[in-house]
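In what follows, chain A forms one complex with chain B and a second complex with chain C.
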Partner chain A sequence: MTSLIIQTVVNAFVSSSFAALMAVGLVMIFGVMRVINFAHGELYMVGAYTVWYLYGENELPFFVAVIAAIALVGVVGLLMERTLFRPMRGNPLGGLILSVGVLFILQVLAVIIGGRGLMKHIPPALEGQWDVFGIEGVSVPFQRLVVIGVAVFLLALLWLFLKRTKLGWALRATAQDPEAALLQGISINKASLLAMGLGAALAGAAGGIMAPLVRVDPAMGHAAIITAFIVIIVGGIGSLEGAVVVAVLYTFFHTFVTTFLDGTLASIFGLVLLLVVLTIKPTGLFGKGEKH
Partner chain B sequence: MLPFVVSQYQLDFLIFLLINVIVVASYRLITTTGEFSLGHVVMMGSGAYASAILTKQAGLSPWLSMPLGGVVAGLLAYLLSFPLFRMKGFYFLIGSFAAGEAIRLCWNRFREPFGGPKGIKLIPAPELGALNIGAAFNYYFFTLIVVLVSLVILYRIERSRIGLIFNAIHWRDVLAESVGVHTWRYRMLALVTASFFVGIAGALLAHYIGTINPNRFGLAIMLYVLVWVIVGGTNTFYGPIIGVTVLSVIDEFIRAFEELRPLIYGGILIATVRFLPQGLESLPQRLLGWWRALRRQALPAEGPPSPRSDSDRSPP
Partner chain C sequence: MSTNSLTRRQFVRTSAAIGVAAATVTGLPRFAASAEKTVKVGFLAPLTGEVAGWGLPGRDGCLIWADWVNAAGGIKVGADSYKVEIVSYDDEYAPDKALLGGKKLVLEDGVKIVLMLGGDPWPGVQPFMNEQKMLCTTLLPSDLSPDTPYLLAPCEVHPIYNVTGVEWLAANHPEAKTAAIVAQQDALGLPSVATYRAAFEASGIKVVHEKFFDIATTDFAPIVTAMLATKPDIICFDTAYPDYVNLLCEQAFHQGFKGKIVSCTMDNYPQIIEKTSKEFMEGVIFQFPDFDDPALEGTGINFKNANAFFAEYNKRFPGTWTAVSWEYASILELWKAAVEKAGSVEPLAALEAMKAGGRAPHIFGDAQWWGKDLFGIDNALVGNWPVVRITDGKAKIVEYRSIPVWWDKNKDVLIKHFRDLKQMWDQRA
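Right after this comes the complex of A and B.
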């Protein structure tokens, strides 16, 4: 029983890492651009496909493949901002609908490149496992620890960037008040590009590091976006810290319910929780409410 | 009198198109109050499931269970409107998606009475005396009648005082409230009415194809409906109907490349939002405007300036 619980805790941390990367990216995009990126799950999928193609098929080193995934998906994000979201600024619903178009296109591209219905076999990059404190029967594959490590590293990097650099300040200022930021000489175009590029890159990273652990297929973004939506709404759509906290809380809840009851029930509970939070406090638990 | 000249396969196509016409026309009723829902297809599924279960397990005649399917979808929408209409815009969109997905997962999870992932099979078609309505030829006319009646009712609602209030809520909800409109009640009324009709559409689908499962009412289908509505345009009653018709015909042309369908839908969606934001319904006016502009360039000093050709309503 102890071993099962410890395993579940580790699994929960793995899910938290993925959920936090997804949710923080979505929140950043929403914060600066006021657009919900519906294609975020598909960006995650593209990240996973990149790692499958470079590492699984062409045997490049795993971390090179992950970095390539981050870069590629980041570029996709930049393209989306430049060609789709920028002309739609001030029309949030228009931006959301355009991202639905991107979702469709990326799914088909994944089918064309990777084929449909084939299980993508991606071997773990690190063989072996860590015997937790030498407890009998409790061991954690290194691959799972890699996910946690990479996510913590990237989020810490992002935090430093946002809090310690001028560019990061500019980004936060734009999220807080675009007009005041503009008056201070911050280019909203550049801030939007940066937010979208970084947000997409985080989704690519999530897909890349999760690729050896999950089933890689064109529809994998669907479950990912549901988790990310639950996290950002419960956490308050404008709060990065809220997103991380709720990512951990929600994935713990979800993983434990999945392990001890079943996965579909866990998702139903999560969705009902989302509805309840939206009903009681439409701006989320950590949200500050929107300025009009 | 199309059914006399087309094949069985084309008849199927027409029946599905007619059912989808109810889906988009009822969806438009929600958009007249200014909200975009992502739960509409699940409401369709609720009608389908309710009608199938009432027929198969309660032994009701399909003639009774099909309208009851609509009623169940409407009731469900009524219950959901309590949490959902505390939200607006994005939050409503995501809230309606979450509510729909939770319902859909329940169909997946609970084998009794929903049949789990495999859904419900062998749903009987309605009969009229010795006439088997389930035959495609007969079902086409049956569906046609239901669709026409639904469209007339939806159109009458839109043209009525209630429809005007929906419109007022869409454009100036605070103002509407300040002159004594109970906006929550009217939003709820729009959602419940739309869900009733889409529930009927779901029942029509279930009793024709005979098998339903949760995947038939998933997010992908909902996004297709959204594409039909957006591409057609939501400013007029006929816009979404044009959208679903045009895109369904395009579907038929690309049937050989089924895999590419989302790509083409995505491309059309992006092109529409970027270059024809009012949808296909505004295309004639746009063409007229371009033609006038061209003519003005060719003959610089001719007559009074042409009136504005844009629609008088801006996109949401």
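Right after this comes the complex of A and C.
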């Protein structure tokens, strides 16, 4: 039983890392731009496809492909902000509908570029596994350890950026109160562009590092966005700390229920948890009420 | 009025002459073309999404089959020759899309048979197809019921043939005594779990773990962790979707599983071997052969040039061969024979010819129309089915086993498990 619990904890850490990257990106975009980006799952898909194309098909080094995925998806994010979301600022419904449009366009592009049928074949970049502290029956492949390492590194980098740089302060200020930020001379356009670029890049990173471990196909963003939405709603929409903490809590909960009870029940319980939190604390665990 | 100018009468005459000439010139080829008839075959299955692996490769197989038939002069129906045209529609494995596609294929395209994967989309399209009296086929006979008189399962008797793999494993590896099963909870997974339960019970193998997982699952690590915690001798991936089997195998490899693996399908297994190892995949048992298997060129196999078909498929659609690449084509082979026998391409005539005499040439040998006890209607063609084993990195048929013989011995066990999981035709409604 001990080894089963430890293996489950290890599995949960991998899921948490991926969920945190996705959710934090989504929260940043919503926090600064007030746009619910339904295409966030497809940005994750574009990251995975980039790694498939560069690493799986053209044999570039895995980490070069991941960096390219981060850059490419970041640029897609910048383009989305500049051409779609900026003209719709102040119109959350318009932004949401545009993001659904982007979702479909990216899916169709993936079909055109990558074709249909079975998932893309992406061999693991790192062979072998770590037998956790030598405990029998507990192991984690190095490829999955990469997910934890990259996620922790990127989230730490983001935390430093937000807490220690002027641009980061500007982003946080815009997220807290756009009007007050504007009065302080912060450009909302630049803050939005930065938030969208960073949020998209994090989704690209998640897709890139997860690509050898998951089903890479045009519809892969669906499941990812559902998890990310649950995490940010329970965490409190707009709360970066909430996104990280709830990503860990939710994925631990989901992984343990899947292992010890049932995978279908885990998904049902996840949604029940969402309803319970919203009933007790509508702003989410770390969210604050809107100022009127 | 100038003498050079065109009078009204001259204009009419000239126009008429030009018109007749144009009609003659353009009409001749049209007349010539009308001598060549075309029969349209509808292909209504998932071409995108999680289940695309059991739709798209089948469509591609049909395209090859149609090209070969057309190159050989088409289908002979009485004095006429019909070219075959495959018209496909992506049902996305959804009932509403299946209905849209069914209406388009039947009403707009005028197809004479509709090939489907079946499963979740079938209930969406069933009333319409019944109303149209359209001949439809499914790979999943669990779609059959007394309410589906125009639906046949002429190739796959999914999931009943899975019993042959378990029976072979039990006979050849009697040391394997416990099994763990996982599957997605849907029209493919549920009847398959009932069948594997029955097959393991009939072979004296105890099921120590049985779990369904959500179709939206992205991380299979916890599912495999729970499975391996029961220390089974055999892990069974049921009829999990192709990509799920891929990811489940990878997880089992990484979590150190050393026992036997049984699965309904093992699509694109070379990629799975690349992600795991040849040693890990050695001895995996499943039910779908590669068509370069010499055992498919023997007598009693009702599929022309199976080996050449496999070579052509891999040339035209490299890396996409799956369990269904040949299945829909094998149904068309049966349908072509029926159409030629009936002397008509009309759906009801073909249906009658296919079922005449209660027996038909199934791809793996002579077979009987069967299914009343399980599906409420004898519309499933059942006979032998191959047991496929991975040996030294290559899938090979190790034996053909008879499904009717197993059924005669174990029908009560199978019906019991179908009832337990509410998969009998009178429960599914």
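Worth a mention:
Note that the second predicted complex is superposed on the first by the 292 of 292 C-alpha atoms of A that agree within 3 Å, B and C clash if a C-alpha of one lies under 4 Å from a C-alpha of the other, contacts with A are read in each partner's own complex, and residues count from 1 in each chain.
Going forward, a contact is a pair of C-beta atoms (placed from the backbone, for glycine too) under 8 Å apart; a residue touches a chain by one contact, two chains touch by 3 or more.
Keep in mind it's a predicted model, so treat the numbers as computed, not measured.
Contact with both chain B and chain C is seen for A:T264 once the two complexes are overlaid on the shared chain.
In the superposition on chain A, A:N58 makes contact with neither chain B nor chain C. In the superposition on chain A, A:L278 makes contact with chain B only, not with chain C.
After overlaying the two complexes on the shared chain, residue contacts for A:I226 are found with chain B and with chain C alike. Residues 111, 116, 222, 226, 262, 264, 267 of chain A touch chain B in one complex and chain C in the other. Within the complex, the chain B residues that touch chain A are 36, 82-83, 86-87, 89-91, 93-95, 97-99, 101-102, 105-106, 108-109, 219, 223, 226-227, 230, 259-260, 262-263, 265-267, 269-270, 273-274, 277, 315-316.
The touching residues of chain C, when paired with chain A in their complex, are 47-50, 52-53, 56-57, 185, 211-214, 216-219, 221-223, 225-226, 228-229, 242-244, 246-247, 254-256, 267-268, 271, 274-275, 319-320, 322. Looking at the complex, you find that chain A touches chain C at residues 4, 7-8, 11-12, 14-15, 111, 116-119, 121, 123-124, 129, 137, 139-141, 144, 213-215, 217-220, 222-224, 226-227, 255-256, 258-260, 262-264, 266-267.
Of all residues in chain A, only 36, 84, 87-88, 91-94, 96-98, 100-105, 107-109, 111-112, 116, 222, 226, 229-230, 233, 237, 262, 264-265, 267-268, 271-272, 274-276, 278-279, 282 touch chain B in the complex they form.
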